[in-house]
Amino acid sequence: MKKHIDKIKILFEALPYIRKFYGKTVVIKFGGAAMVEEELKKGFARDVVLMKYVGINPVIVHGGGPQIGGFLKRLGMESKFVKGYRVTDVETMDVVEMVLVGKINKEIVGLINHFGGRAVGLGGKDGSLIEAKRLRIRGARMGMAGEVKSINPHVIESLEKSNFIPVIAPVGLGPDGMSYNINADTVAGRVATALNAEKLILLTDVKGVLDNKGELMSTLSVKGARSLVRRKVATEGMVPKLTCCVEAVSNGVASVHIIDGRVEHAVLLEVFTDAGVGTVIR
Amino acid sequence: MKKHIDKIKILFEALPYIRKFYGKTVVIKFGGAAMVEEELKKGFARDVVLMKYVGINPVIVHGGGPQIGGFLKRLGMESKFVKGYRVTDVETMDVVEMVLVGKINKEIVGLINHFGGRAVGLGGKDGSLIEAKRLRIRGARMGMAGEVKSINPHVIESLEKSNFIPVIAPVGLGPDGMSYNINADTVAGRVATALNAEKLILLTDVKGVLDNKGELMSTLSVKGARSLVRRKVATEGMVPKLTCCVEAVSNGVASVHIIDGRVEHAVLLEVFTDAGVGTVIR
Amino acid sequence: MKKHIDKIKILFEALPYIRKFYGKTVVIKFGGAAMVEEELKKGFARDVVLMKYVGINPVIVHGGGPQIGGFLKRLGMESKFVKGYRVTDVETMDVVEMVLVGKINKEIVGLINHFGGRAVGLGGKDGSLIEAKRLRIRGARMGMAGEVKSINPHVIESLEKSNFIPVIAPVGLGPDGMSYNINADTVAGRVATALNAEKLILLTDVKGVLDNKGELMSTLSVKGARSLVRRKVATEGMVPKLTCCVEAVSNGVASVHIIDGRVEHAVLLEVFTDAGVGTVIR
Amino acid sequence: MKKHIDKIKILFEALPYIRKFYGKTVVIKFGGAAMVEEELKKGFARDVVLMKYVGINPVIVHGGGPQIGGFLKRLGMESKFVKGYRVTDVETMDVVEMVLVGKINKEIVGLINHFGGRAVGLGGKDGSLIEAKRLRIRGARMGMAGEVKSINPHVIESLEKSNFIPVIAPVGLGPDGMSYNINADTVAGRVATALNAEKLILLTDVKGVLDNKGELMSTLSVKGARSLVRRKVATEGMVPKLTCCVEAVSNGVASVHIIDGRVEHAVLLEVFTDAGVGTVIR
Amino acid sequence: MKKHIDKIKILFEALPYIRKFYGKTVVIKFGGAAMVEEELKKGFARDVVLMKYVGINPVIVHGGGPQIGGFLKRLGMESKFVKGYRVTDVETMDVVEMVLVGKINKEIVGLINHFGGRAVGLGGKDGSLIEAKRLRIRGARMGMAGEVKSINPHVIESLEKSNFIPVIAPVGLGPDGMSYNINADTVAGRVATALNAEKLILLTDVKGVLDNKGELMSTLSVKGARSLVRRKVATEGMVPKLTCCVEAVSNGVASVHIIDGRVEHAVLLEVFTDAGVGTVIR
Amino acid sequence: MKKHIDKIKILFEALPYIRKFYGKTVVIKFGGAAMVEEELKKGFARDVVLMKYVGINPVIVHGGGPQIGGFLKRLGMESKFVKGYRVTDVETMDVVEMVLVGKINKEIVGLINHFGGRAVGLGGKDGSLIEAKRLRIRGARMGMAGEVKSINPHVIESLEKSNFIPVIAPVGLGPDGMSYNINADTVAGRVATALNAEKLILLTDVKGVLDNKGELMSTLSVKGARSLVRRKVATEGMVPKLTCCVEAVSNGVASVHIIDGRVEHAVLLEVFTDAGVGTVIR
């Protein structure tokens, strides 16, 4: 009995957090180790379902880097990157879309449903959700690598109204009717902005944002984030993340969290406890 | 961090219960020690708020025995009982109503609001919620002691629609326009029936229903409950409770729980864990 | 037949008034003789029901002075006043709340329901309706005598949507979780403002506002009312009423009526006929 | 003041009736003297507006006999009747429709609006409200005299939802696309049935239904009404009225009233007082 | 089969137009030859029904010149005009209203319903749709000839919500409670403005607006239209049309079309094809 | 102009069909040549958009046979069939799902959006739309080849309410959380049944159902269809189609159409003209 009472007490520690985020939208970029390791994956799906049950509206945006690379390899196709962006010819794009939309997206949907949620997967074409434009990098031919031109959140809102959990693959629809491969962090940031989300959470494989001594910075202002980028303290991988975070906060998202997805239940820890597992940008 | 992860895991143990009772109505008879001891009272209020936040609709019915007696004493008025029912002359009824509706009810409302809920107190006259008739006991003049004639749940439903938590004092309105003092267990049972509730929980000061060896019976069928009454195994105090439970289950309430209100967070333990703290009747 | 036709003609005289106030909210401070004399009480309840049936939304706020005093006496407790406000220690407050919320409020609710309305009684704790703060009077210890800090009209609006008639007892909830005794006129004024009411009607035991010759002033401007107070023409009892009227009109209530509650059906006469029974402030 | 209080008392006598019919539909056949005499006409319009304001949904069906005859005369066209039905050739029908729909209907609409209601006039073609079939009388060529085949109440319901008062001219649309002249009593009865009305009121120029001694029968059963017809006690003019009343009551209309439209405010007297002004059939 | 495929291809040519006007309101002034010739009338009714089925909300305003004249003649009454406006004494107005509202309006309603639409006819009194004022022409006594004072579109909006097609006769209600005869073009223009319509289409018996060489001007700016009037290039009959078009466009109607109603299916041709059948003013 | 008028006339020929199917759901199995040839594909997308614009709710279910085979080949994986069902090991299933959900489905979505519709793609996992069970064929190991166990149409209904066009890939979710490859005809039939559709249309690469002389049968009863199967007149490919058609009609779908998808605009021809392009089963 004692044990049970302890459990109940722990439920209560979550109460102020539940209260605070009740009815709010939280956009989560799902990626990295959390998307690969079996236990982390399941933990993530359960986190999302629990959030939904306590009245939060989670929206998932996922990436798919490693799995795409693996599949391209099997097809004897090469992976090439410029400044961290995949050079994506039309044939590669075909594979990218199939793996992102047809495999990874549906695995996440299936997993969430398995744990009692009601997820619906969306690519950028569905309901014209993500309008893309070609990514321009000077001196490089990026092919079907794209950027977000605009987000049309109508289909997400329709699904939320019926209590579904939207799971979004970062493939955009260009004005040429072609599919474009877009960075998932960016898509998550833009979706959070379009939905006027309370939080944007980026799951990463690092501890968070580090300062120039390599120490974790648990909070960071927009100004501070900009400075890290400008002063080149931020690692190359962190720069685009910080850029998208700054943009989201500047456009009305209340807070952005860059957290360590290798920690079990990282999302819930961040939302429901005082134990930060990364860096908050406000 | 380890500690936090443990907490998250405990949140998950509650998930199947949350899922099961999401959107359901649970009527709770609040009384006994739980209503008197400071810590138990606060614990109860927080339990109710947590239930509301995870999507359950709690409806509270409270009694008020000891506090009524105390107040009557201060006014130099005597308390007399027949078969456990208070003999209630008109003057006494006045005091009963004031204490139940004006003091106890509002204390509970205030407590729930203090912990973040939005409670609204109701007496039987409000929205004509409880229609009463005179209680008839052969050979006794019971005065304004009454029984439930019918429940008109419209005002409860209106408040639930706006996410308020109804808190009900067991005072009914007679056809003569007078107030009647009604047993709170009975009111709780009839309200649960009228709302087609998922659960009716009676908080008591005993461990639950005991068999003829004095052992706690953790589950009981309607037939079993009836037999306990017939065979006079049930204590005098338990008989009316069992009778009202049997009636509620027979009229569509999925399960009734007679639990030990002296246990901290008894309600949540009963709803959210496998650790029963009393007897379930189905 | 002639008699009946005359009756019908009288119904028609009410038509322009019905039309004018259709769908509007009218807040009525119920008190004084109208709340004590049997016939006046019944008349009031019927007035309210009739108003509801012809499409007006009445909201009742009641006081309870004499009945509180009587009850305190029975308990051997003394009544003390400073500048017309009751000095209210914690023990007294307990009695005040019980009498106001548990007795007077429910009597009014019962009466309205008896005449076919659907009333629901509310104290300041219900739905956190009345937030109070301590009343400060220089040189006096007022105890739990309070002022309105803010009105949260959500619960009233929910009840009106379901066609219930809200009846409000002037007990507020302080930041300390304690109950505060508040002047009913003030509560009525603030509720009228919060609901953006069409009319605020104060039932009194005088003919209305009198000028310095003791003549009834049938209409009065905000400026005029202020001047009466400043020039000390208004009686001591009238000053707080005038102050609350001026505040209500200044905050958007279309008109405030200080009327003679000793006249039968005073409220309806004021709303539905040209025969003013007091003073209108616009 | 005394006078005003008397007035208020009279308002209260109406209260039980208002309560009883709140939200109910009352279909009124408007015709005879009430439609011709200036004062009666105005009285009728005000009755209808008052009913609407106190929460009743009036639906008006009007006839137009004398005015049609007058207009035909001006055009040098003859009026011929068989068994009380107008023999209506195509040219006559044109005039009938113009007078009923274009003149009488709009006069009533204008009058109701003048007294503060919001009326909308409808012919049988509007929203396909009245589907007609040819009236067959053995041995006679009735032309465009028709019967009701079916009522399509959708347009009435749409208008009621927006608080308009429908005013219906008894012109039906035949399967041949032609207009048919239908008896207004019959249309009123069928509309009352289709709307599941609480009351059907027929305004006539007689005192009500008389027994074989010429005495007014204030109430009448369906059986009694049938017997009057069978035993030829009813006058020729009353027979079709009784027949349509019997049909309406048999099909779910709670009561039908044949009343004396020459009495001022006959409709309100019948609905809001105990003074019957005719015969009720239940 | 080839023929059928060709047909399907034609359906597709309409697609972009359907898309463009989906859910938009189009006000059509129905008059002239289109209202007289049997085939044109039927074609018009079918055009309207088709528009409704593909998601456009048509609103019809009709005139009735020739038919009114004919009827007046039959009654031996003379027709007199000043500046194109009918001098309308009270007796004439009676006939005008009967013919417009009771005959022409219902014919159009019947025709639309015959082809599968659900039309409801409205005069200016219905729902107080058209408030009129007396038309003043210096030196002339115009009688009941009126102008639009204001449009109250509530009844149109109610009917549109239930998918009915409103058909409006240009008779207005004056402040004196009298009916006024108003120019149908003007009514159409004002209704289009009040509904914030996408298009106003005036059916005429000419090819459209002609320039000073007698050539059709297929498009015209507001400025151009004003200049035609000022420079007296426009014919006398065209001047009031141009004036009302200019006013409509200036007040938010996206485009106004003066088209040749003698062409079969003129309305659909104008809305669904590139083949203009008249003049567009933007 | 003549040409335009001819076009308008053709629009009218579609009117009765539009009227008949307004607001109805039509499920279309998209497959075969229509899904491969560029012109047919575009034609199909435009057909669907046109249907939506005229008020029909199209729901698309697609197959993907040839494209799956091609992709497997590229990966060096073999295609094996038993009784027309693909033997699907887990690795193959991975590819099947990627191609169906990630490629074909999104191409169709993109195409429909390109022509102005608002499509959203769904796999069987999305909103738990298609619950699958393992397909059992005696003597064969079919792997992840599945059958429909049940359809959960909630997500389709949510999307239709917001005017999206659902496009469904025939991949089901098994009780083991695995994906199952299901015959698209069967999915279409079961979806049509679950939605209580007006029509189910199967696009094929044959002229329709042929009798034993090889002649096209333009209509067929359920009984007739069963007989064709029993008497082995139907080709092997046609047997499962007929079986699914018979089941759909027996379960409430008004009619099923097996049509020739090689004909341009086959769907519209079937829905909007008298020119059947295949066989109707009722």
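All chains are identified by letter, namely A, B, C, D, E and F, in their written order; residue positions are counted from 1 within each chain.
By our rule, a residue touches a chain if its C-beta (ideal position, glycine included) is under 8 Å from a C-beta of that chain, and two chains touch if they have at least 3 such contacts.
In this text, all values refer to a predicted model and were calculated from it rather than measured experimentally.
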| item | value |
| --- | --- |
| Steps needed, at fewest, to go from subunit A to subunit E via touching chains | 2 |
| Equivalent-chain rotation between subunit B and subunit A, CA atoms, steps of 5 degrees | 180 |
| Subunit D and subunit E: spacing of chain centres that average the CA atoms, whole Å | 34 |
| Subunit C and subunit F, separation of their C-alpha mean positions in angstrom | 68 |
| Chain centre separation in whole Å, for subunit D relative to subunit C (CA means) | 46 |
| Interchain centroid distance [CA atoms averaged], subunit C/subunit E, Å | 56 |
| Contacts with two or more other chains, residues of subunit D listed in rising order | none |
| Contact graph of the chains (line, ring, star, complete, other) | ring |
| Cyclic chain order - from subunit C, heading first toward subunit D | C, D, E, F, A, B |
| Of subunit E, residues touching subunit F in the complex | 1, 4-5, 7-16, 18-19, 22, 46-47, 49-50, 53-55, 116, 263-265, 268-269, 272-273, 275, 277 |
| Interfacial residue positions of subunit C with respect to subunit B in the complex | 74-75, 94, 97-103, 105-106, 109-111, 113-114, 118-123, 125-128, 154-155, 158-159, 161-162, 164, 171, 173, 177, 179 |
